[in-house]
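So, here's a batch of structures to check.
Next, two complexes with chain A in common: one pairs it with chain B, the other with chain C.
Our next item is the complex of A and B:
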C-alpha cells in the first residue's frame, strides 16, 4: 500500500529522520534504552546505506518513521516513571 | 499524609546530627514512625539508595539477563493499547472488544510460531515456562500412564523440570537423570542406551540458564526420532538468541518464556506438535480455552507483548548475536588480562555468548558478590539462591566445592553497553584482588604450597 504511492525519500528527508531519531533518543531517562536507541539508529542507517532500489528505500524510510513515533511515545512514558536515582553509569565519572 | 512530608526532612536532620538509634523514633509522631519503620528502602537523588543495609550511589548496572530481561520499549508500546482502551476478553464472541482482542491474540500467536518455525495452531499460551514444563512432563506422562513409565532427563535441568520429575517418581514412574561432562554437554551414547521400550519422554533443555551451554539438539532429536520417543525441550533461554527450529530439532514439545526475550513477565508459550500429534493431560481445567490444554482467560496485553518481543527477536537476532559475542570476549579478556585463576564453567565453544559463568580461585563467593554491589550479577541461578548450597548444575559439572561457591554468572543482552562491560571488569578485578590480598590461602599458593595437602586442625 505504501510502496506503490510513496516516492523515494530525498537525502534531506532521510538525514532529517536520522537526526530526529537521535534527538528523541537523547530524551530517554533510562541509560540503557537511550544508548541502545542511539546505537541501533546509527547501525541501522549504516547497514541500509547501500540500498539501491526505490521500493526497499521507501520501505526502510517508512519503517524509520514508525520507529520515530514509537520512540517519541516511549520517551514520554519512561520519563513519567523514571526512578529518582540515576544509574551508576551516569553518576560516577571514573 | 502530612506526617510523611514531615518525616523525610526530620529524618535527614537527625541522620546528620547523630547515628540513627533506637531513640530517634521518639522525636516523630507515632504515625510517621510507623510509616518510616515500614519502608526499608530510602531513595534520595543525593544520597543514593539504602536497601538491606547497603548504600549505593545509583542504580546498579544490570548484567543478569538470564534471571530476566528488561522490557523492550517497542514491546511496551505494543502492549499499552490493550491496557488502556482495548481491554476486552478475547473469548467474548459478541462484541468489538472481544473481536479485536481475539485478533490481537491470534496475530501474536503467529508471531511466536514464526520464530520457531511452527504453525500458529501448535502454540498454546500459558503463564510462563514453568507452567509449560509442568504441562509437558506431568501432562504427557499422565496421558500415557498405561503404556509409558519412564522419563529421561539431565542433571542440569531447570528446577521446575527436576521437581516435576520428582513428583512423577513419587507416583511410581522411573526417571533417569543423565550425567553431563565437565563441559556441560550430555553423552549421546548414554542417552541412546538409556532409552527403554516404555520411555515416554526425553527432556533436555536447549540452553542452560546457569552455564549457558547449548546441548546438541539436532543429534538428540535424531535419536528420539529413531526410537519414536517424544522430545521435550525447555527453550526459555534459547528463544530469540539462537536459531530455534522445531522441525530441525524434531521436538514434540517446547517451553518458551516471555520475559527472557525482552517481553513481559507472566506469559509463556508451549509448542505442541500436531504431526505426529502429542497428547497431554491439562493441568488447568476450566472452560476449554487454548484447545483445552490450558483453560483460563488469555491475558491479551501479555500475549501481545510476547508476540511483539518474538517478532523483534527474529529481526534483531543476528545483530544482537554479533554484538553480544564481542561483548563477551571483551568481558572475558578484560578479566583474564588482569587476574589469573579464572575458570569458565562449561564449554566455551558450544555456548550462548550472552551467558558467562566464571569461577575465581581462592576467593569466597558471598563476599565477592557483596563487594560487587554496583553490578547486578548472580551466583548460581535465581531459583536456588535461597539455600547456601552451591548450585547443583555446577556440582553436576564436577566443579569442586570451593570453585562452585565463587562462581559468578554475567548475563549480557541487547541493552548492555561497552562502558558497562568495562566498568564490570574494573569492579570485578578490584574486588577479587582485594579479597585475594586478604586471603591466607592465596598467600600459601603463591609460596608454592599445595592447598590440598594441608591438614586442617580440628578444633
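Our next item is the complex of A and C:
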C-alpha cells in the first residue's frame, strides 16, 4: 500500500512514463491494439491532468506503471502470433 | 607445387597507397546542403524535405490549427498545447523519421524550429 512517505512523482517522471507507454504501444504488430493503446494512454493522462493531491497522483502513477508492464508483456505475446496480412488501415494506398 | 609458386610469382597485384585527406565536415546550418566527404550515406535528407515533413506531421495533429503552423512556432506558447501534447508530437516525429530520440533531447524540443534542426542534424533520419 502506498505509505504516507511515498514520494509524489516529478513532472519529468510522469512525462517519461507517458513516453514509455507510447513507445511500447508502437511495438505492437496489431494495428487495432496499437491504436487503442495510444488513444487510451493519451485519454488517461489528459483526464488526470488536473489532479492536485499527492495521493491520487501517486496512485495514478503507480497504476500507469502497472499498465506499462502489462503492455510490454502483451507486445511480446502479440508479436509471437503476428498476423501475416497487414490491416487495411496501414496500407498507404489501396 | 612448384608450378603454383611460379604462377603466383608472375601474378603481381600492385599495391597502391591512397593519400587520404581528412577534411573536417562543414556543417552549414543556414540552409545549404551538408558536405560529407567520406560518408556512405549519400541520401541524407535535404532541409526542405525535413521542413515539409515536420510541418505536415504537426499540422495533422488534431489539436493544432494548421494555418498557425510555420517553421518557427512554439508548441506550447503559440499553438496552445501542453507538455503531454508536446511528447505526443515528438513521438509522431520519431515515427515519421524512424528515429529514436532520447528523453533528454525530446524534452528540449519545444518548437518546430528546434524539431527541424534536431532532425536535420541527426545522421539516422530517414
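Rule of thumb we're sticking to: the second predicted complex is superposed on the first by the 90 of 94 C-alpha atoms of A that agree within 3 Å, B and C clash if a C-alpha of one lies under 4 Å from a C-alpha of the other, contacts with A are read in each partner's own complex, and residues count from 1 in each chain.
By our rule, contacts are C-beta pairs under 8 Å (C-beta built on N, C-alpha and C of every residue); 3 or more make two chains touch, one makes a residue touch a chain.
Predicted model, so just to flag it, every value in this text is computed and none were measured.
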Are chain B and chain C a fit on chain A, or do they clash, once the structures share the same frame?
-> fit
Hey, in the superposed model, what angle do you get at chain A between chain B and chain C, Cα centres, nearest 10 degrees?
-> 120
If you stack the two complexes on chain A, which partner ends up touching A:32: first (chain B), second (chain C), both, or neither?
-> first
Which partner does A:87 reach: the first (chain B), the second (chain C), both, or neither?
-> first
Touch check for A:13: first (chain B), second (chain C), both, or neither?
-> neither
Of the two partner chains, chain B (first) and chain C (second), which one does A:74 touch, if any: first, second, both, or neither?
-> first
Touched partner set for A:45, first chain B, second chain C, both or neither = second
Does chain A have more residues touched by chain B or by chain C?
-> B
Nearest CA pair across chain B and chain C in the overlay: distance in Å?
-> 12
Where on chain A do the contacts with chain B and the contacts with chain C coincide?
-> none
Contact residues on chain C for chain A in the complex?
-> 82-84, 87-88, 91, 95, 103, 106-107
The chain A residues in contact with chain C across the complex are 11-12, 15-16, 18-19, 22-23, 26, 42, 45-46, 49
Contact set on chain B toward chain A in their complex = 43-45, 48-49, 56-62, 70, 73-74, 76-77, 80, 319, 374, 414-417, 419-420, 423, 426
Could you pull out which chain A residues touch chain B in their complex?
-> 32-33, 35-37, 39-40, 43, 67, 70-71, 73-74, 77-78, 83-92, 94
